[in-house]
């Protein structure tokens, strides 16, 4: 009973300005090459960014419902170093690398849990848009929450 | 130039009340078992239903925008007989098996193109909903278009 | 440091013969209807079955590598009652409903965490195959582990 | 009958060293933002590369089965300019931008069919690997087929 109440829906935490999310590789993530399908690393990356934002108190659904502000990926650079495989426990590390006027930079790595080096690296530019798809400044409330955990500043 | 203009975005046609859609299996559709990931047959089935409706003149986006009517899958029964594999050219056969007040029945098979027997069979109940998610009758305009191609009636 | 070591990759547990897995709904799971794409409930269901098996000590990769035995979904019946939405914390409940010679029955529900009633119900027949895709008996080692947690027997 | 035999599984063609593939956007491709889920553009891109290779006579399954050579994506740079939406007919343009020893560069755009400007641009480095995952030279048979359609050379 108590175990049930304590059980979270996800397994992430913040450490030194970097958010760490654990995720398992299931059949749905793999392809006939026997490894994770390359596009699916962007899914893991998005889960990591979402949980990062949630952890620092930024609710994307509230932002869009109340302020009409949306985050969209504007650009991603993905280095596929080594493949992840079925059953792997992955660790998605996410940190904010910089905040500009209407966008922010996110640096992410995906590694096997406990491993020293990563499998995949994803650097993304996230833009803020209004309901009509026009660029708007990162809201102050968001910026202050991101600043506090800014990976660059925390070192 | 003319080749370009003639080139369609999809490759489907209607034959004797049954709609046939061709689709290729790509890496994205497969899993580490070397075959199509089981949930993805529902994707192929939905492509088949969508192109069936488009072919008989039912535009789902118009229906939802103009009449506030949505189609949702209420129930699916899937028999996975044999697996499809990377590079297979599949043939998705779709026919309407019956129309009730607020729903209709769709019978679909997925086979290798040119094969006599199917790999997977998907029987689905599709419900009509209004904007608030309440059941509504299948619109007359839709019913008359489906009736004309009703697999049961065409035999 | 210790938080990191304690952090699991997934969040599941067994209670009274039923396995419960928590999972978050991300953008990747949704569609333009604003809800979870219907085929993706089969993904959540497969995650639930995988973690059930892992929890009772059945490793699917060991089974296939060492004994040449594979589990495949032979049939699924899915009732889509109500949709899950972005950011929902879902609870996937999995129990074994019966074991036959070369297959077993799994009953699953997907609900919002903490809710009394489910959104989606998935009943599946899982078959055991050898490397050539022929049906084989459920291995004794697996059967004894499933029996112990058989939902039917635990009542 | 004859319509059936003529009907291809995919709809692509080569024009001036650039391969063009048409593809429809289905619900499966979209997300709750009402647009194509960002990771799924990599799926469209991979379909385009696969059909390009098939069109110039390179069979990836034969290559891996007979010569033990695999193509993997080593790096992708994706610019998300504008979103694609449900029902859009997309045109995926693929051209080879250069061939090095053990890899080749592919430049791709995804646009609405008939549009002058693209929605998304994907530049990828594709590496050749042997069965053990070590880099190997692009096989001569592949290189000669790519050279003939090399986008750079064809101008």
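Here the chain labels run A, B, C and D in written order, and each chain numbers its own residues starting at 1.
Here is the rule we go by: a residue touches a chain if its C-beta (ideal position, glycine included) is under 8 Å from a C-beta of that chain, and two chains touch if they have at least 3 such contacts.
Bear in mind that the values here come from a model prediction, so they are computed numbers and not experimental data.
Here subunit B and subunit D face each other with the same set of residues for the most part; over half of the interface numbers are shared between them. By number of C-beta pairs in contact, A-C leads over the other of C-D and A-C. Seen from the Cα centre of subunit D, the chain whose own Cα centre is farthest off is C. Note: centroid distance subunit A to subunit D, computed from Cα atoms, is 27 Å. Inter-chain centre distance (subunit A to subunit C, centres taken as mean C-alpha positions): 26 Å. Separation between the centroids of subunit C and subunit D, computed from CA atoms only, is 35 Å. Across the assembly, subunit B contributes 27-28, 33, 39, 43, 46, 86 as residues in contact with two or more other chains.
Across the interface of their complex, subunit B is touched by residues 3-4, 7-11, 13, 15, 20, 22-24, 26-28, 43, 46-47, 50-51, 59-61, 86-87, 89-90, 113 of subunit D.
Subunit D meets subunit C in the complex at residues 27-28, 30-35, 37, 39, 85-86. Across the complex, subunit A meets subunit D through its residues 33, 38-40, 42-43, 46, 70, 72-80, 83.
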